[in-house]
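One structure below.
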Amino acid sequence: MEGILAEIVAKYNYWLYVVLMMIGFYAMIGKRNLVKKLLGMNIFQTAIILFFVSTGVKRGGGIPILDKYKVLEHGVDVAQVVNPLPHVLMLTAIVVAVSITGVALAILQRIYREYGTLEEDEILEKVGE
Amino acid sequence: MENISSVWPLAAVVISLTAAIPILLSERRPNLREGWTLLAGLGKLSIVAALLPGVMAGKRYVFTIAEVLPGVPIQLRVDAMGMFFALVASFLWIFTSLYSIGYMRTLREHDQTRYFASFAVAISATIGVAFSANLLTLYLFYEMLSLSTYPLVTHERNADSRASGRKYLTYILGTSIGLVLPAMLIVYAAAGTLDFTTGGILAGTTLSPATLALLLILFVAGFAKAGVMPFHAWLPAAMVAPTPVSSFLHGVAVVKVGVFSILRVIFDIFGPDLLRDLNYGVVLTYFVSITILSASLIALTQDNLKRRLAYSTVAQLSYMILGAGMLTAAGMTGGLLHIAMHAFGKITLFFCAGAIYVASHKKYISEMDGLGRRMPITYAAFFLGSMSIIGLPPFGGFISKWKLVVGAAEGGQMVILTVLLVSSLLNAAYFLPIVYRGFFMPPREASVAQVREAPAFCLVPLCVTALGSMALFFYPDIFLRLAHLALGE
Amino acid sequence: MKNLALLATLVTGAILLYGTKDFAPWGDPGSPAATHLSPYYIENAVEQTHVPNLVTAVLGDYRGYDTMFETVVIYCAGMAVVSVLRRPKR
Amino acid sequence: MSETNLHMVILAAPLLAAFAVNLLGRLSRAWIAPLTLGALGISTLASVGILFQVLGEGTIRYTVGNWSPPFGIELVVDPLSALMLLLVSSVALVATVSALKSVQLEMEGREHLFFTLYLILIAGLVGLVLTADAFNLYVLLEITSITSYGLIAMGRGRAVLSSFNYIIMGSIGASFYLLGVGYLYILTGSLNMADIAGILPGLNAGAAVATAFAFLLVGLWIKMAFFPLHGWLSPAYSHAPTGAGVLMAPLVTKVTIYLMIRIMFSVFSPEYVFSAHPGIQTAIVWAAALGILCASALALGQRDLRKMLTYIIVAEVGYMVGGVWLANANGMTGAVLHILNDALMTLCLFLSVSAIASRTSSLSFDSLGGLYRRMPLTMAAFTIGAFSMIGVPPTCGFFSKWYLILGGVEAGHWGFVAALVISSLVNAVLFFRIIEIAFFGNIPGEPVVQEAPTEAPWSMLSPLVVTAVALIVVGLGSGRIVSGIISLTIPGGF
Amino acid sequence: MIWLLDLIILALVVVCAVATITLRDLLGAAIVFGVYSFLMCLLWAEMGAVDVAFTEATVGAGVSTILFIAAIFRTTRRSKD
Amino acid sequence: MKRLQERAQNRPTGESPIIRMAVRVMIPFIQLFGLYVIVHGHYSPGGGFQGGVILGASFILMALAFDLKTTTDYFSEKANAILGNAGALIFTGLGALTAILGGLWLDYSALDRIIPLGPIEWRSMGIFLVEVGVGLAVMSIMVSLYWDLASGGDMDEGL
């Protein structure tokens, strides 16, 4: 028990991200409303972003914006700065997420225009399957 | 054996394949179209004939088309066995073409262009099978033949022919993909090659006897064109096709290709020695004996002339496999020879059936009473052909059957000997009544009185083949030589 | 259906959690992620690009190829929405 | 342009042309065809050059922005990727010739948008093949996905619904992949595939590595529609505009399979993939076999030509995944050869479908009657494509199937062998059913009305004929392709 | 104190996520999703990822939410689950 | 500004004048801030993407407070499309340019061969150019996304 608790405390961010991921994932595959699926998708993606950002954290590290002249003269202490690489990756991931959301919402409107509903089961009924 | 690299085998295969293109293009000019057909036929025969002396002298002509798998090229090779078959096929094709022209034009059949084009592709594939240097090439041409004959079988475009076409493809493609292909792969995995080698390639491999037995079954059943029961049902069904197609299917190409493939596998993949050691030859002979007897019995009950001929074919095909399965020199020679002898006999019979249909539009034997007197030439040819099939002298069929009998006696297999004799009697029982009814029974229908002989285009081929089957009795030398060469004697 | 979804979710979550057991504790400055690539960026980026915002430096230059495609992604999104949704003007 | 940038040309040409098409295409549609074909022609030429260069000089490594590998993004062209580059660019070129016509027929006024997305999709596929960076791969995966979503949703009727489905499934797949990358990143601190591959064996983190591997694979499986994750593919591809289907059906799943090979052998190693969890390997081959059978069965139930073809694609995915996971050289050879062949076969079939669709009202079997008479060339090419799918020599489909079955025999995996054989038989049934209808017309006994010949326009017919010929040429040349290129792609340890 | 804030944010994030997918009013769900994004952005800022936080603030809490709302206005607010 | 006023007068019904007034005042500042975020991405959080979104948001805000037509008057569809393309082209074109100049793809130091600023300075400059491209593309795409989604593709009244 102690061990598990210690593990949770040491890695609570990972636990949190898994929980969020599960919420999003469940919404994506379990919910019947198409908007809900998209919201779930966004939650899923933010969960992944949270995970990546967590990997970049260093205890006691500052933000990855330095003072140019200071660095050029004195160098920099690596331990003082958090890892910038995951941030870069996640900027890209956020853009991708919002792009997909945009496309999906456009398609959603077309679906509504075509079938008059956003409930998956009602649409399937109308399609006749 | 001397291997000579030569482009002629390829030419022999491709000539009719390329002829399909001008045939398709000259749709609106039937005479030109048929001209192409005949030209390709003559060209093919002359190429094959030109290669004959070399093969008789023990040479082998080789041409590699493409290197497709490691150790297994797509390769053509003319050896004695292939030459044997190619000679029969290319010779008879000319007469089939001539006959087709007469038949199709008299009946004013539709889609003649497609018919002749498919025909050209089919004969290419047949020669390809004959000249294949390895199992893969053989498989390739085998499939090509199946697919190119599909339009021929379904030529009539009605529900009946569609059903038969479906049946045909189901049997032929199903068995070749489902049985031959895996068998081929197992052979390749074990031996690392698929080349036809005298004496076989499986002898030295590590395959267990059980696997070998499985392979034998896969091959014999898989080459369903040979019509060994229970994979024979497509053959009677395919009789809905026009008669020249049936004669082509049964006399020249399709079924013979099946038998030829099985013989190839027995001689050059397994090797007689291996089969003899395992005693599988005997099993095989017993197995096909069942086909021989039951197919003959079924033939007796058929009233439709072409169906009767079809069941007769099923029985006769198994003779050839029977001969190979005896694994004695005479038996194997007899099996091989029977390909040629049966081809000449059976094609005559089908030509006659077609001629009768062209002249009188009759399909059923019971309707044909008295017809012989109106069509004496056709009926005479029919008689000659059936005598050859039954195996009486002075007809070619006698030689091959004699060899088979000798082979069975050499091997001391009394059962087989009995089978041969009984089936010959059955042959007589289902052929001779037809002739008898034709000549000696009074016509039952008034329409018979108006019947006249079929046109010359039909008559000439059937006379030639009928006489041919007689000539084979007197001059079987070429085929005998080739058969001996093929068996490495 | 919902039960199946729940099951799939739980299984996925469980596998992901199982995977985290080998991770270094959160925020550990000695973890591989913090010691393999990132020190290079932190130490050299300013010198090599004269950009003090490390994220911008890495985004724009070291991983500029990613960012190029990121731009293309959003561009595609715009085009896709226009092509899917916009109706021709009357 | 210097020689070292040659493979960037393959990617840059369609990418830059996409913007040009968008800008100039809205002025006049006359710009679209020359720009698109020109860009793809340049790509194809460049990829031929790259293939010879790679075969001559070995693997090319390229770092974008001139940063040394683990820090910058690295692109790698080894023989396999060179082959894939050639495949992608040439298939795209051929498909485009037909797509230009069908798009003109189907979506008047939106052509520039269609071809912008279309070209970016091609650029994305090329990028996927080139990249050697795990995260870059994710970005490119999303590029191909987002363009596909757009292209599919441009279709009529149910296209939007299928596209939405695809978005959900595709996002799950991509997210899983990204999670896998995250796990690898946290373990190794690196994103470069070669770098990760160097670090992984020394790690003592079995659980996390296994999780990462599982998520990477499952992500890609969703993207490639590996059974049972195939649900999105069939509706998406069958409702997409014909022009989009012609490009996506041959390439997208095949490139994803290439990515799977990449991940399995460039990031992980054959030893890890096949030996670390011995049960998994067998299980996946069984899954592939099951997938082949089920997809074939589903294809049997279809009454619409394009729907049927999409299920065949799913079955073919099973072939390739199974072939790779057989864990022997023959299986691998078969899988790689089948990537090539399947792309060509699918291209051929979809091109003929698009030619047929330009002349008939629907693609249900009932409306295909008598097509041989009306469109003889199209149907001849279709027949060759069908033969290749069935596996009739000498079309190329036979040879890859040969290697796959051989691999199955060698591995003693009889279930897989049986599945392959049975699926060939099912394919035979499927295609001969159509050939029969197209040959005879649908109503038995009724005389076929002699209609005026209505062969598809030449712009749709010529690519089709080229592809059909290519099927046979590749079939006859498969010995050379295997010994010259594919044998170089088999990773060590086989 | 800071860990308390942290804990509150964490709890709120989960609550918002659950609320987003359970609310039957889609407009409400979208708004809650905006809140969720904003909390996420706080979390990341606190982790030192200022750029990511900035982006999430503009995109997740801003544009994304607006796009959702726009789409919901154009379609329907009603949801069965 | 004048046109905004006119439009506000032409449509007396609708959103409250307070909001309109506030928006009218805010928009220039928002846009200025967006530009600042793009330009100052080297030294502070932000960059092309964030700045682009903020710029786009200013137009979205305008459309929300007034209506869609207002924004299309200010910022025509054609201009939007051209800017979007230009943004994406700046980035990819820069990559192509560096490659043509003999460097590797996106190796900004190769630009040194046109205007010699020094390779490192050019890297900084290259990042800046790229950020501008991203900013333009993101702005125009965000606006176009909103236009289409809010009007259902009709480009008329909006929400």
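As written, the chains take the letters A, B, C, D, E and F, and residue 1 is the first residue of each chain.
Basically, contacts are C-beta pairs under 8 Å (C-beta built on N, C-alpha and C of every residue); 3 or more make two chains touch, one makes a residue touch a chain.
Keep in mind that this is a model prediction, so the values were computed, not measured.
Trainee: If you walk from chain to touching chain, how few steps can bring you from chain B to chain F?
Mentor: 2
Trainee: Hide chain B: connected chain groups?
Mentor: Remove chain B in thought and everything remains one piece.
Trainee: Report which of C-F and A-D is connected by more C-beta pairs in contact.
Mentor: Of C-F and A-D, it is C-F that has more C-beta pairs in contact.
Trainee: Select the chain at the greatest separation from chain E, using centres from the mean of Cα atoms.
Mentor: B
Trainee: Closest chain to the overall C-alpha centroid, by per-chain C-alpha centroid: which is it?
Mentor: So the chain nearest the centre of the shown protein is D.
Trainee: Which chain has its C-alpha centroid at the greatest distance from the C-alpha centroid of chain D?
Mentor: B
Trainee: Can you check how far apart chain A and chain B are, centre to centre, with Cα atoms defining each centre and the answer in Å?
Mentor: About 70 Å, centre to centre.
Trainee: For chain D versus chain F, what separation do you get between their C-alpha means, in angstrom?
Mentor: Centre-to-centre distance between chain D and chain F: 37 Å.
Trainee: In whole angstrom, how far does the Cα centroid of chain C sit from the Cα centroid of chain D?
Mentor: Going by mean C-alpha positions, chain C sits 26 Å from chain D.
Trainee: Return the distance between the CA-based centres of chain E and chain F, expressed in whole Å.
Mentor: Inter-chain centre distance comes to 24 Å.
Trainee: Among the residues of chain E, which ones contact at least 2 other chains?
Mentor: Expected reply: 50-51, 55, 59, 63, 67, 70-71, 74.
Trainee: For chain C, give me the residues that contact two or more of the other chains.
Mentor: 16, 20-21, 23, 31, 33-34, 37-38, 41, 47, 50, 52-53, 55-56, 59, 61, 63-67, 70, 72-78, 80-82, 84-85
Trainee: What are the residue numbers in chain B that touch two or more other chains?
Mentor: none
Trainee: Which residues, counting only chain A, touch chain E once they are in their complex?
Mentor: It comes out as residues 12, 16, 19-20, 23-24, 26-27, 31-33, 35-36, 38-40, 42-43, 46, 49-50, 53-54, 56-58, 61-65, 82, 86-87, 90-91, 94-95, 97-98, 101-102, 105-106, 108-109, 112, 117-119.
Trainee: Considering only the defined contacts, which chain D positions touch chain F in the complex?
Mentor: Contacts found on chain D: 1-2, 4-5, 8, 12, 15-16, 19, 22-23, 26, 62-66.
Trainee: Along chain A, where are the residues that touch chain C in the complex?
Mentor: The contact residues of chain A facing chain C are 7, 10-15, 18-19, 21-22, 25-26, 29-30, 54-61, 64-68, 71-72, 75-76, 78-79, 81, 83-89, 91-92, 95-96, 98-100, 102-103, 106-107, 109-110.
Trainee: Touching residues of chain B toward chain D in the complex: what are they?
Mentor: Going by the criterion above, the answer is residues 65-70, 73-74, 136, 139-140, 143-144, 147, 151, 154, 157-159, 162, 165-166, 169, 173-174, 177-178, 181-182, 185-186, 188-189.
Trainee: Which stretch or stretches of chain F touch chain D in the complex?
Mentor: 81-82, 85, 88-89, 92-93, 95-96, 99-100, 102-109
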